[in-house]
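Just dropping this structure here.
Lettered A, B, C, D and E in written order, each chain numbered from 1.
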Amino acid sequence: MTHTSLFSRRAWSGIATLVVVLAALPLLNLFFADGHALHVPSYMVSLIGKFMCYALAALALDMVWGYAGILSLGHGVFFALGAYAHGMYLMRAIGRDGVYQSDLPDFMVFLDWKTYPWFWSATDSFWYCIALVVLVPGVLAFVFGFFAFRSRIKGVYFSIITQAMTYAFMLLFFRNNTGFGGNNGFTDFKRILGYSISAPGTKATLYLVTLAALAGSLVLCRWIVQSKLGRVLQAVRDSESRLMFIGYNPLWFKLFVWTLSAVLCGIAGALYVPQVGIINPSEMSPANSIEMVIWAAVGGRGTLVGPIIGAFTVNGLKSWFTGAFPNLWLFALGLIFILVTRYLPQGIAGLAARWRKEQA
Amino acid sequence: ADTIKVGILHSLSGTMAISETSLKDVALMTIDEINAKGGVLGKKLEAVVVDPASNWPLFAEKARGLIAQDKVSVVFGCWTSVSRKSVLPVFKELNSLLFYPVQYEGEELEKNVFYTGAAPNQQAIPAVQYLMSKEGGGAKRFVLLGTDYVYPRTTNKILRAYLKSKGVKDSDIDEVYTPFGHSDYQTIVANIKKFSAGGKTAVISTINGDSNVPFYKELGNAGLKATDVPVVAFSVGEEELRGVDTKPLLGHLAAWNYFESVKNPVNTEFIKKWKAYAVAKKLPNANTVVTNDPMEATYVGIHMWAQAVEKAKSTDTDKVIAAMAGQTFKAPSGFTLTMDPTNHHLHKPVFIGEIRPDGQFSVVWKTPGPVRANPWSPYIPGNEGKQKL
Amino acid sequence: MSANDGRVALEGLDTTHGAILYLEEITVMFDGFRALNKLSLDISVGELRCIIGPNGAGKTTMMDVITGKTRPTSGTAFFGQTMDLSRMTEYQIAHAGIGRKFQRPTIFEQHTVFENLELAMKTDKRVRPTLFARLSSEQHGKIAEILTLIRLNGNESRLAGLLSHGQKQWLEIGMLLMQEPQLILLDEPVAGMSDAETARTAELLNELRGKHSIMVVEHDMAFVTEIAQQGVVTVLHEGSVLAQGTMAQVQSDERVIEVYLGR
Amino acid sequence: MLRKLFLIVCLGLACKAYAGIDPALLAPLTGDDPDARVEAIVKIGALANADATRLLTALKNDALYATPDGHLYIVDDDNAYDPATGATGPLPEGLDGLMVNNRLRGAADDALSALKLFAPDRALRLAAATELQKSVTLAQAPLIEKALTAENDAEIRPMLQLVAATANLQSPDGAKRKAAVEALASSSNANLRPLLQAMQTDNPDGTHVEPDEGVRVAAAHTLAALDSRLARTEFIGNLFYGISLGSVLLLTALGLAITFGLMGIINMAHGELLMIGAYTTYMCQMGFRRFLPDALDWYLVAALPAAFIVTAAVGVALERTVIRWLYGRPLETLLATWGISLILMQSVRTIFGAQNVEVANPAWMSGGVTVLGSLVLAYNRIAIIVFAIFVVTGVWLILNKTRLGLFVRAVMQNRRMAGCVGVSTAKIDMMTFGLGSGIAGLGGVALSQLGNVGPDLGQGYIVDSFMVVVLGGVGQLAGTVIAALGLGEANKFLEPVAGAVLAKIAILIFIIIFIQKRPQGLFAMKGRSAE
Amino acid sequence: MLQVEKINQYYGSSHTLRGVSLELERGKCMALLGRNGVGKTTLLKCLMGVLPVSAGSVKLEGRDITRMAPHQRARAGIAYVPQGREIFARLTVEENLLMGLATHSGKKASTIKGEVYELFPVLKDMLHRRGGDLSGGQQQQLAIARALLAEPKLIILDEPTEGIQPSIIKDIGNVVRLLRQRGDMAILLCEQYFDFAHELADQFMVLSRGEVVASGAQATMNDPEVKRHLAV
C-alpha cells in the first residue's frame, strides 16, 4: 500500500543502534589502549571499514537487480572507476615522496613520461577528484545504459554486455600505457588532504565517513523504492512491456536507477581505496562483479538491508575462513552458498522476515 | 610465549595457487627443519598459514592480520609484484618484515622487505647475453613476448634498452603482449615464424604461468624447434614443467638462480628432504614433486632470517634488519649466498638451462659466482646512484 | 533525444473530422504470412465498435498495430488527424490516449491490486514526478471507486498474481479505466467470465459508451449483440474486412455464417 | 618413432659393419671447447656413413654418454654401443650424459639432413629437403646438385631445385644468381625475403649490393610474386586460425548452450565441468601409461567416452542434489552454481594438487601438415575442428530428431504442462543437465590437448562461453555455432593488426555494440512466441 | 471411473477447496460451474496433480492417485486442457501435437491421427508455425487437439470455449458429444458458457467459495436454485 514512513519504528531504532555501535568502534580503538577490555583492535576497524564499502556496493547493486530486475555483472567497473578517480588524487598527494622522488607518480617516471597525460590534469585537487568519483561512473553508466536500454536489451543479454564492459576495462587498465599503473595499479599512498593516511585519526575519519555514506545511502535508497517510482521499477522488473502500454517510458526509469547505482558504487570504491591502500584492475575482473551479486543474493535481494548483511556475512566468513582453515575454506564457503539458495530463497533477510512472520 | 610466530602468506586458491602452494609447503618444511634443530633463540617456530586467495586487497588484509592479530615476527610470502605492492604499506606502517622469494622487475627497495629472488640483472640480462653469444645461437632478432602486466612490461623495457646498447635495431625487436590467461597462440606463433625469416631470432618469454602450456604446444606443433628459434623463459621452472608434455620443448631455455638438476651435496640434501616431506605430509602427487628457484629462495630466506634472529638475539624488526646485512648461507644452488648489506637483495649465481625430456633443465651456462643485484636497472634513465636503501 | 521526447501533449488530439482512428490499407506480414491484408477501418469519436471474425482473422494483430506493438509492413494508422501511430512507440501511444486490454490478462502480478490501479492512473508519468508522487485524496477516491466497480474492494492489498482468471480480467479493465483513455481497445473482455459477469461488463460498456471511443473484439455473440445495439459491427476475415453493418445484418450474412458463426 | 627412423637410416646407408669412427674425431666431443665440438660434428657428418648417422642421431636425442676418462658411448636402454669399435656391451661405470646444447644439436641437424638427402626412404628425403629450405648455404650447393641428379620423386625434386636455387643466390656467378632468382619465383619460402630484399638495397658507398642489373630486376619480380603468395598464405592462415579458435570456443560453449541456453541455469560451474573432462583425460592417459603402454597413442579414444560419462555423472549428481530445487528461479542458480564451482575447484586441488598436470598430445596429434609452402596446420587443431563438427552434429540430432530432444525442449519451455501430458520432467531435467555436462566434459578433452590442465582451467573459459551462447541467442544452437565461429574469425583477423590485448578489447566492444543491434542475440526468436 | 472424496486445498492460509467430492462414470460428462474465483481451476489442478491436496483422496478406476505426480496421472489416463492454453510456445504446431502422444510408445507415439485435423482444419495449415505465434483461438484449438490425441480415459477441460469462434464452439460441442457417445471416456468440463454446458453435460456440480453448493443431473441444471449460485 502507500507507505507513509520510510522504515517502521522498530527498523529505525535498529538502524540507529547499529550506526551508533559501528561508529563507536574506531573511537574505542582510539581512546582505549591495546590490552584494555574495551579496546577494539585496529585490524578489526579496518576490516569493518572495508566491509562497509562492499556493503555500499552491494546496496547499489540491489537497487538495479533487486528492484528493477537488471542483473549487472559489471558493477566492479563502477566501483573501480570510483576508486581510480579518488586514487588519482591520492597518487598526486604522494608528492615527491615516491621512490623516484619525482612530481610524477613512479609508474609515469618509469614510462619516461615527462608530464601528466590530459586525463590526469587537475587531479591534484581533492574536490575535482571527488567530482570525478561521481561523474566518471555516472557518465559511463548513463551512456552505456542509454544505448542498451534504448535498444531494449534485457535479461541475460544485458548482464553479459555489462560483463563484457568490465572485462574490456580490466584489459585496458592492465596495459601500462593506458596510464593507470598497469596491474600494480595505485598503491603506497601517503596522505589525504595533508593528513597521514596511516594515522589512526585519519583512519577513524575515513571509517566514519564510510559509515555515514552507507547509512545515508540506505535511507536514500529506501526512500526511492518506497516512492511510486519504486513501484514503477518493480513493474519494469515484472512486465516491462505492460508498463509501456500504460504510458511509462521504461528507458528513463531504468537509466535513473542504473546511473544512481553506478554512482553509489563509485562512491563505495572511492571510500575503499584509501582504507585498503590499493586499487588495481583486478577489481574489474568479471569474477569480482559476480561476487558483488553473490553478496546481494546471500543477503536477500530486493530488500536493501539484505545485501548489506550479505556483504558483511560473506566477506566476514571469507576473512575468517581464509585465516582459520586456509585449505578448506572454499568448501565451507561453497557449501554455504548452496545451502542459502536451497533453504533461504530470500537470503538472510528472508530468514528474518520469515521469523518475524512466525512470531506474529 | 614460548614460540616465535612466523606468517606464511601465499595464495592457496585462485589463479596463483598453481605456483604459490608449493612455496607454502617448502616454508613449512624449512620451519620443521629449524625446529628439529632446536628452533630459534631456544624457541620453536610456529607457522601461521593464511590464504590470500590470489586477491590483492585480501593480501593487504591478511598481512595486517598476521602482523597485528597473530603478532608474527616475520612474513614469508607473495609471488606477484602486485601482491607485494599491496602489502608493502602495511609492513611499513606496522614496521614488520617480509621475505619475498620470487624474481621480479626491480625498481623497488624497501627497508621492510628482503628480496631473495632475482632482480633483472640476475636473470634477464644474462639470459639475453647468452642468446647473443655464439654458444647461444648468436641471435640477432628478438621477440619479447609477455603477459600484459608490470613484470613483463618492465623487464622488456630494460631488455630493449640493453639490446639497443648492444646495437640491436628497433626493427629487430618485436614486443608482443597477451592478456592474462590467453590460450590461443596460433597467430603469435605464426608471427614469430614470419619474424624469424628475417634472421636468427630468439624469443624472450615473460609469459605468465597459465599461458605457457598452450604457447609451447603451439610452438611445437608449428614445427619451430629450439634449434631454429630458441625461447628463453623467466617464469618457467621445474614446477611449471610438471604440467607440460616436454617432448616438444626440448632445448628451449630458462634462466634462473637455481635448478633442481644442479649437482652438489647441499642440493642433494635439499631435494631429499623435500621429497621426504612431501611423502610424509601426503602432498598431492607426492612422488613426483620437484624443487625450483622460488622454493630455493624461500628456503634460503627462512634460514637467513633464523640466523639473523640468532645474531640479533631478538625478533625485533630493526634489530633483525641490521643483523641480516651480510648474512651468508650455503644454498642448494651450490654457492654461498650473501645478503647484500645495503640493498636487501641476495647475491645470486645465474644459470641458464635447456629443457630436457624429463622436465628438468641441463645447465648450459652459468656465472662463475654470485652476482650482486641491481634492483634499479642502469638501463633505465634516472636510476644511477639509487642502488642503496 | 530529450527527456520530453515522445511525450505527446495530451491536448494535441485533433478529431475535427469526427473520426478518432483511421486505419488505411494496413498490411502485416509474418515470414510471408499475411496476418493483415490491406485492412482499412475507421472509428468515430464516441463510437462503440464491435469487431468479430474467425480465430486468426487478425483482430489481435490489428490491435497490436494500433498500440505500437507490431509495426505494419505497409499502410498507415492515424490517431485523430495528426498522430501517425506507426511512428510512435508504445508508451507514446498510451500517453496519447489509447488504452488496451489484452486477450490474455496482463497485469503486474507482483504488485497489489491497489498498486496496479495506482500505476495505471492518468498522471504525469515521467521520472521526477513519479519519484515525488503522493496520492491526493481525490486520487484515492478514484481508485476506491474503480475498486468497487470491478468488485475487487477488499482485495486491494492482495497480490494481483493470486487472483483468479476472471478477477484478473476485471482488474485489467479497472486499470484501463484508471488510464482514462480516449480510445479503449478491448480484446475479448468477457472470455472466462461467467454469464452474470458478462452481463455486468456489457452494462459497464453501455455506460462508457459516448464518453470514450471503444473497440471491442469478442466471440460471445450474446454479449456482442447486447453492446453493439444499433451500431456498426465489423467482421474481419483473413486480414481484411469481410462484412460490416448492424449486428442483425452481419449475422444473416451468408459469408459470415460460413466462416464464422457456423450453421 | 625416432628409433625406427634411425634404423631405417642405418639400413639405407649400406650396413657394411664399418670399423667405427676414428677416436680422434670423437675426442673433441667430450671436451669443453664448443667450437671444436661443432667442428667435430661437421667432420663426422662428412663421413656420410651409417655410424656417423647413428652417432649424430644419438647426440640429438641425448643418447650420447661419456665415461669420466672421455670415452663415448651411445646408450640404448641398457646397452652401451661404442662408436669407435662398433662393439655393444653393458653400461660402463660412471657414465654421464654428454652436455648438448642447441648449437650442437643444430649442427647435428644440419649434418644429418644433408646426409638424409641420399636416403632411399622417400619420407626421409622429403624431411631433409624441407629442413634444408630453412637454412641452406652456398657451401652445401654441390651436395644438393649431386642429390638432384639422383632424385626422381615428383614432389622432392622441385623442392630440391628450389633449395639449390636458394643456395645459389649467394653464388659469385651472376648468371647463376639470375637463374636462381628466376627459379625462385614459384617459391613460397618466407626465409627468402631478406635475401631478395638485400639485393634491392644499396651499400653505404652508393653501389648496389647486387651489381647485376638483370638479377636486380628479376629479384624484384620474384619478391613481388613471393609477397603476394605470402599474403595469400597469411590470409588463409588467419582463416584457419579463426576456424580453429572458433571450434574451441564452440566446444567450450556447447555444454553451456544446453545447461544455460536451454535450461536457463546460469551455470557458473560450467568451467569446472570442462576441467573435470580434462582431468578425466589425464586419468585415462595415466591409466594407459600404467596398463596399456603400447596403446598410449590411443588413450584419447578412451578418454572421450570416459570424460562424457564422468562429467555427465557429476552433472546428474549436481542436478539431483542442488539444481532441481532451483527451476523457475534462474538467478539463484548463479549463486548455487558459483558455490559448486568453488567446491569442485578445491576438490581437484586437494586430490591432484594445485599445479597443472601433464596431458600429452598423442603422437598422431603432434606436429602439423605444411600447406602452401609455409603454412603449418597443426594436427591437434585439425582434430579439434573435426571433433567440433561431430559434437555439434550429434547435439543437433539429439535435440531435433529424437523424442528425447522434443521432450527436452518441451520441458524447458513449460515444465508444468510437459508433466501434464505425461513427460517425467524430473527425469528429463536430469538427463538434459547430464547431457550438457557430458558435452562440457568432451570440451574438456579438447582443451586438454591445447593448453594446461589445472584446477583453474575452467575459469579461463567461463566468460567466453557465456558470451558465445548469449551472442548467438540463448537457446539457439545454430546461433551458438555462428557466434563461436564469428568470434574466432574476428579475433584472428584483428589480432595481427591490433595485437592480442587490443583485439580482445575490440571483440568485447564489438559484442556490446552487436547486442545493441540484436538485443536477443544473433538468432533472435521473433514474433509472439518470443514473449 | 473418477472418485473424488472430500478434498481440501489451501493457498498458503486461504482455504480454497473445502471438502469437495464428486463421482464421474465412464461415458459421462460432468459440467463444473461457478462464479469467477470460486476454485474451479484449483479443483481441476488438484485432479491433475499440479497442485497438492491437503486432505481427501482422488481415485481413478479404483486406483488411488492422490499422491501421484502429473506425469504419472497422465500415464494413468488423464488428459488436461488447462485454462490459459499453455501450449509450448516455441515448439511447432506439429511438435505440440506430438507432445500429446507423450504417453504412448512405439509407432503410435509418432502418428498424429487425421481426426484432429478434421476437427481443427486450421492446425493442418499451420503445422510448421510455432505454437506461440498462433492466435488465441487457434492456440485453444491446439490445446484441445493435444489432449484428444492422448486418448485418455478422463479428459479435463478448463473453459475450452474461451476465445473460440462460434462455429468451432459448435464443432467442439459435437466432439464432446461424440466422445461421450463412444462411451470410453469420462469428461469433466469446467465452463462459464452455461448453454454450452447445459447442452453437453449429463450431470453438473456448482462450486461456491470452494464448496459444492449444488449438483445433480442435467435436467435440474436450469433450476433457479442452481442459477442463483451463478448470479453475481
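Definition applied: contacts are C-beta pairs under 8 Å (C-beta built on N, C-alpha and C of every residue); 3 or more make two chains touch, one makes a residue touch a chain.
By chain, UniProt protein names: A = Urea ABC transporter permease subunit UrtC; C = Urea ABC transporter ATP-binding protein UrtD; D = Urea ABC transporter permease subunit UrtB; E = Urea ABC transporter ATP-binding subunit UrtE.
These numbers were taken from a predicted model, which means no experiment stands behind them.
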> If you average the C-alpha positions per chain, which one ends up nearest the average over all of them?
Replying inline: A
> So which chain is the furthest away from chain A, centre to centre on CA atoms?
Replying inline: E
>> Applying the contact rule given earlier, which two chains have the most C-beta pairs between them?
In response: B-D
> Whole-Å distance, chain A centre to chain C centre, using C-alpha means?
Replying inline: 45
> Taking each chain's centre as the mean position of its Cα atoms, how many Å separate chain B from chain D?
Replying inline: 29
>> What's the distance between the Cα centroids of chain B and chain C, rounded to whole Å?
In response: 74
>> Which positions in chain C are in touch with at least two other chains?
In response: 30
> For chain E, what residues touch not just one other chain but two or more?
Replying inline: 133
>> Residues of chain D that contact two or more other chains, please.
In response: 345-346, 350, 459, 501, 504, 527, 531
> Which part of chain E faces chain C closely enough to touch in the complex?
Replying inline: 11, 34-38, 41, 83-84, 122, 129, 133-138, 140-141, 159, 162-171, 192-194, 230-232
>> Can you tell me which positions in chain D touch chain E when the two form their complex?
In response: 403, 406-407, 409-410, 413-414, 416-426, 475, 525, 527-531
> Where on chain A does chain C make contact in their complex?
Replying inline: 1-2, 224, 227-229, 231-232, 234-235, 237-239, 241-250, 252-253, 256
> Can you list the chain B residues touching chain D in their complex?
Replying inline: 12-15, 17-18, 20-22, 134-137, 148, 176-179, 181-184, 186-188, 190-191, 193-194, 197-199, 210, 212-214, 217-218, 220-223, 226-228, 230, 239-240, 242-245, 247-248, 251, 253, 283-285, 354, 356-357, 362, 364
>> Please output the residues of chain C touching chain E within their complex, sorted ascending.
In response: 30, 33, 53-57, 59-60, 103-104, 162-167, 169-170, 188, 191-197, 199-200, 219-221, 259-263
